[in-house]
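To start, I am sharing the structure in question, which I have written as structure tokens.
By written order: A, B, C and D. Residues from 1 in each chain.
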Amino acid sequence: MTAVLELRDIKVRFGGVKAVDGVSLALEPGHLHALVGPNGSGKTTVVNTMSRLVTPTDGQVFLGGQDVTAAGPHEVYRRGLARTFQGIRLVEGLTVRENVLLGVQELPTARSRAGRRRAAEAADEALERMDVHHVAQVAPAALPYGVQRRVEIARAVAGAPKILLLDEPVAGMSAGERQEISAVLGRLRDDGMTMLLIEHDLRFVLGLSDHLFVLNFGQLLAAGDPAATAALPAVQEAFLGRKHVPA
Amino acid sequence: MRHRARTATCLLAASVAILTAACGSSGSSGGSAAGDVLKITYIADTSGPGAFYGKDYVAGAEYAVDQVNAEGGVGGRTLDLEVVDSASDQQTAVGAMTKAVKSDSSAVMYALLSQNALAMAPIAQRSKVPFIVGQSGVDGIAEAGDYVYRTTTSEGRFYEAMLSTLHDQGASSTAILYASDNPTAVTNATKTIPAIAEKLGMTITETVPVKTADTDYSQPASRIADSSPDVVADLTFGPAVTTSIQALREAGFDGPLYGTSALGAGALKPAGAAAKDTYYPSVFIPSPKLPWASGTSFLSEYQKATGSAPSFSAAGGHDQVMFLVAALQEIGEGDVTRESVKDALASVAGKGFVGATGDPVRFVDRAAVTPGVLVRWDGEAETVAPDQPSPLLAAYTG
Amino acid sequence: MSQQLVNAIALGSIYTLFSLGLTLSWGILNVLNLAHGAIFTAGTMFAFLLTEHAAGLPFAVVLVAALVGSALLAVLMEAVAFAPIRARSANALDAEMRTLIASVAVASIIVTVVGIQSDHQPYALPQSLLERHRYDLLGVHVSNVQILVLVAAIVLSVLLVLFVRRSRYGRAMRAVAFDRTAAGMVGISARTLQLAAMALSGALAGVAGVLLAVYLGAADAHMGDSFLLKAFAIIILAGVGSLEGAVFFAYALALVETLVGYYLGGDVRDALAFVLIVVILVLRPQGLAARQGWQRA
Amino acid sequence: MIDWFSGNEGYIQGALVAALLAASVQVALRAGVLSFASVGFYGVGAYGTGYLTATQGWGTAPAATVVVIITMVLSWLLALVLARLRALYLAMATIAFVLLVQIGALAWDSVTGGPLGLFGIPPALGTGGVALILAGVLAVNALTQRGAVGRRLLLLRKDEALASALGVNVRHQHQIAFVWSAVLGSLAGISQASLLTVFTPENLGFSVMVSALTALVVGGTWHWSGPLIGGVVFSWFLSAYLGFASDYRGVVEGALTVVVLVFLPKGLAGLFELLDPGRLRRAAAGPTGGPGGVSAGVPGGASTGQDRPVPAQEMGVSS
């Protein structure tokens, strides 16, 4: 079984800082993966490398078996890699529905008149799927944070991606809102969506993910079954923040 | 609802086009003014950077109109001078011009910026409106057609006499500093002066271009001073006049300077003593030593009437009006139309008229030829330069 | 040749004074302040009016008065235009564009007023304010005004660099230049810091204006414009916010311009600054002297 | 009506060209490109047409066609060169480009007529022709203000990283906007040369950039009608009706601009929007439209009004 997305020995340097230092990982179809690590461990850089916003200093990125290291972010999106960002990034000035339409309108399939109609249908379907169709005509800024996050996820899934990267989707959320998002992610997994969830809170991903990657100081500290990986002393140490020994 | 908004948008955009296109084709008869009052539109830069000169042009024109009206007008008609401010702005000037040609004005006048005059002249010609331009540095204006006249002599024509005077005083070499973004200065620096110098057997030691907006003249000044010329042409404008003169002095050049009439009208005052021995030609200066009688009598009468001495701009404005008045006298009791004014202007241009800048002011190719005067700045005031040929412009008598 | 060097040093000193103020406002406030040239011109007008109405004042007094006047004008501009616009702009692109236009608008107001005030004619500070002397040193002409300009440029840039390096305000300003939310960390409100930066920037413009008016012998309402564009070239060469870089490249540009002007002619010299802007921006957008590429976005 | 029009024709022509020029800046800006390059191409358009018609004796139509093609090629090349620059840096580079065009116009005597400029350019287009061009441009801009293209443009100027993560080829879109902007600038130049019959280096340069941008912002940066409104206000009303205060025109323009910038973020076009009931309904649901950004990242988080959209390169460092 080929990985949906694979990183091979990725290194990213900003000026003199090594943000990511030799990370290799593979995402399996239909699984919900979690990438955890303390603040500053390089999680977002890994996601940005996957979505091609960041070009690695060294290493390769494969999407569906094809080398996309040199591709642009818009190209990997068109090939089925969707993502959300750490902060809410809904476009002010557009309604919720128009925001979700952004997720489909740039796809090659949306070029024709019929394609545009199908795209609109896909957007409406995504709105329903994330249970935000009742606020379709509303300006997103007026909505509660949790709902805004679901609109973003709707936008990301509207284009029927093969893989979905979520960068700290529950950061700054109340317990109730976390629960809500957690349920949404569970439903997506049940539908067979391959996902990578970035999170700094280890506990949140434990019950949710199928596969855990732990990142520290730009390197992969551990990977594997969530519960077993989390129990490793090195992982515990990294998260409780006593002594930092780069592995 | 969205769809309707889009349609409305298109309709609105399209209607802009149709409206303006439909109206654009309409013409106007143009005003032929017969009767007691004869309207003239005077477009002038009375605000903005040109205002310093523009206001004087208007003052001179208004003075002339008042004089004529006080004596009962011309051909039984009184003159009504409508002054429109073109704000030293090309678009405003063109706007004022199109408005004026559609009005009932018998003639339109403009003074000052050649940039604006160049854009206005073709409109006058197309609309068949007599258009009398005052000061303007470039030659192309009167070429627009038979409705367009220029009442000041182009400055370059005075240069030969100016240089000969300096040559007679012992200058055998000259350097040239000029504003390369000013058409008049470019022509004079690269064509007029070299030709004259060759004729007189003067050598040109350096020709250095600068830009009006330049802020540092020490380097061009050094280049000029290093070439040790006897005299230096300073063809710059605005604050650059002071700056360049000071830089030339600081770079070690102590000889006489000469240049454009932009040196006049107070431009040398800030430079003060540093500018001592600067020469420039002018069509007029307010000096009782002016070598033609119509100029000195204009000076004293203007001074009497307004309480202040007329600048060369005021004399220019006065002469624009007097040119038209001469044409109206030619028409006499006859019908005044734009066409008859044009024909009368042509006739006057053939004979010349009495103006503050010459007696007579004559025309070659619809551009004025006046005697001119060489001015010298002695460090404190401008005077008529001693020992100058009179008239300054040899072609004036010939 | 050595005469050219003297000329270049004097020109570089004026460039320095002008560019320092501009790089402050760009580096700290993210304002491409196109009114900097107008404030510079206003400085000359303050000095001119002062000498007209109170003849006989010593040069130092006139200079300080122009400095204070220009600083106040800059603060007024920040308070009335820039700050409200920033507060109402939702994102960076919007704020940058709108403050840029506001600065143009303010420049238009200032230049118009100075133009009316001066009858749109050149105006000059009285000769008596600072008697000009010319010295011949080994065949090279040096004037006392050139020396004054150089000394002022050196003293003010050293003071400014020390201020930015050593003082609490200076550190806060530097912090803000790298991270826009950092002002609060140093215990100074962003508001105060912005006003201080504009005051400093305006003061430098005022001093530069008066010195230039004395150096050139005359001023007019539009004299700031050409400096503005030279200063942009300098700032871009140096990297936005780099004071030391601005000083270095002010002299470097003046030297290169002088040499190019001498050997290749005026048109090439005029184009030089603009070609440099485009080339540097394209090849190395962070400037030649800057430490890292934080400005590029 | 017709008399009134013909009396004002000169001002109307000024307004039409100003509107075209403002629109040229607008089309770049609404894709998030702060570029003044179109003002340089205004010069290319005017000089190109002037040279081909007045000096070479071509007809205006073929001359204009060739000039627009040249503009497209040159602007595409320039877009490639400037591709990496954004915001103030792009603004700066394009200002330099415009000034280089002006210097070139002064120096390239044989084509541009040097400081004297070109005159005797045949007035072939006329007010109606230019109005048609403007109407066409405004119609295209109006149609692309909404719908899929409008959404893409909004996304582009508000969040480039998000746009690319949603499949928009940002660089390509910017280049298209850049070229379209240059073409509009060129059309403005062609129109100006044809209407005025003269074009000189003084018609170019910094002040032209300033007027284009000012007209746009006062008229309304984000609405298709903004350039038209700005052009009419600045090049027509202020030229024709300022009268006794014309010495203070710079003050009036400047003050008007600042007031609009501070109090009317959507420009004068925003005033009309207030009258549109459809807008009001949407506004009631929350703030919409206008030059906003992405909504605040963290609820209750500090928004200083100056946070930049985080450049892609920096995101990794902060995680």
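Worth pointing out:
The rule we apply is simple: a residue touches a chain if its C-beta (ideal position, glycine included) is under 8 Å from a C-beta of that chain, and two chains touch if they have at least 3 such contacts.
Chain by chain, the UniProt names read as follows: A = ABC transporter domain-containing protein; B = Leucine-binding protein domain-containing protein; C = Branched-chain amino acid ABC transporter permease.
This one's a predicted model, so the numbers in the text were calculated from it and none came from an experiment.
Counting only chains that touch, the fewest steps needed to get from chain A to chain D is 1.
With centres taken as mean CA coordinates, the chain nearest to the overall protein centre is D. The distance from the centre of chain A to the centre of chain C, each centre being the mean of the chain's C-alpha atoms, comes to 47 Å.
Chain centres here are Cα means. That of chain A falls 72 Å from that of chain B. Mean C-alpha positions place chain C and chain D at a centre distance of 29 Å. Chain B and chain D have CA centres that are 35 Å apart.
For chain D, residues touching at least two other chains, in rising order: 106, 158, 247, 249, 290, 292-294, 313.
Listed for chain A are residues 92, each touching two or more other chains.
Annotation for chain B: residues touching 2 or more other chains are 48, 51, 180.
In the complex of the two chains, the chain D residues touching chain A come out as 148, 151-152, 154-155, 158-159, 161-171, 282, 285-290, 292-299, 301, 312-319. Across the complex, chain A meets chain D through its residues 12, 14, 17, 19-20, 39-46, 48, 51, 53-54, 72-75, 77-78, 82-83, 85-95, 98, 101-103, 105-107, 110, 116, 137-143, 145, 148, 155, 159, 171-172. Listing the residues of chain C that touch chain D in their complex gives 26, 30, 32, 34, 80-81, 84-98, 100-102, 104-109, 111-113, 115-116, 180-181, 190, 225, 229, 232-233, 236, 267, 270-271, 273-275, 277-278, 281-282, 285, 293, 295-297.
Considering their complex, residues 29, 32, 34, 81-82, 84-89, 91-93, 95-97, 99-100, 103-104, 106-107, 157-158, 206, 210, 213-214, 217, 221, 247-251, 253-255, 257-258, 261-262, 265, 290-294, 302, 304-309, 311, 313 of chain D touch chain C. Residues 1-3, 5-14, 16, 18, 106, 114-117, 119-120, 123, 126-129, 131-132, 134-136, 138-139, 142-143, 146, 196-198, 200-203, 224-225, 228, 235-236, 239-240, 242-243, 246-247, 249, 278 of chain D touch chain B in their complex.
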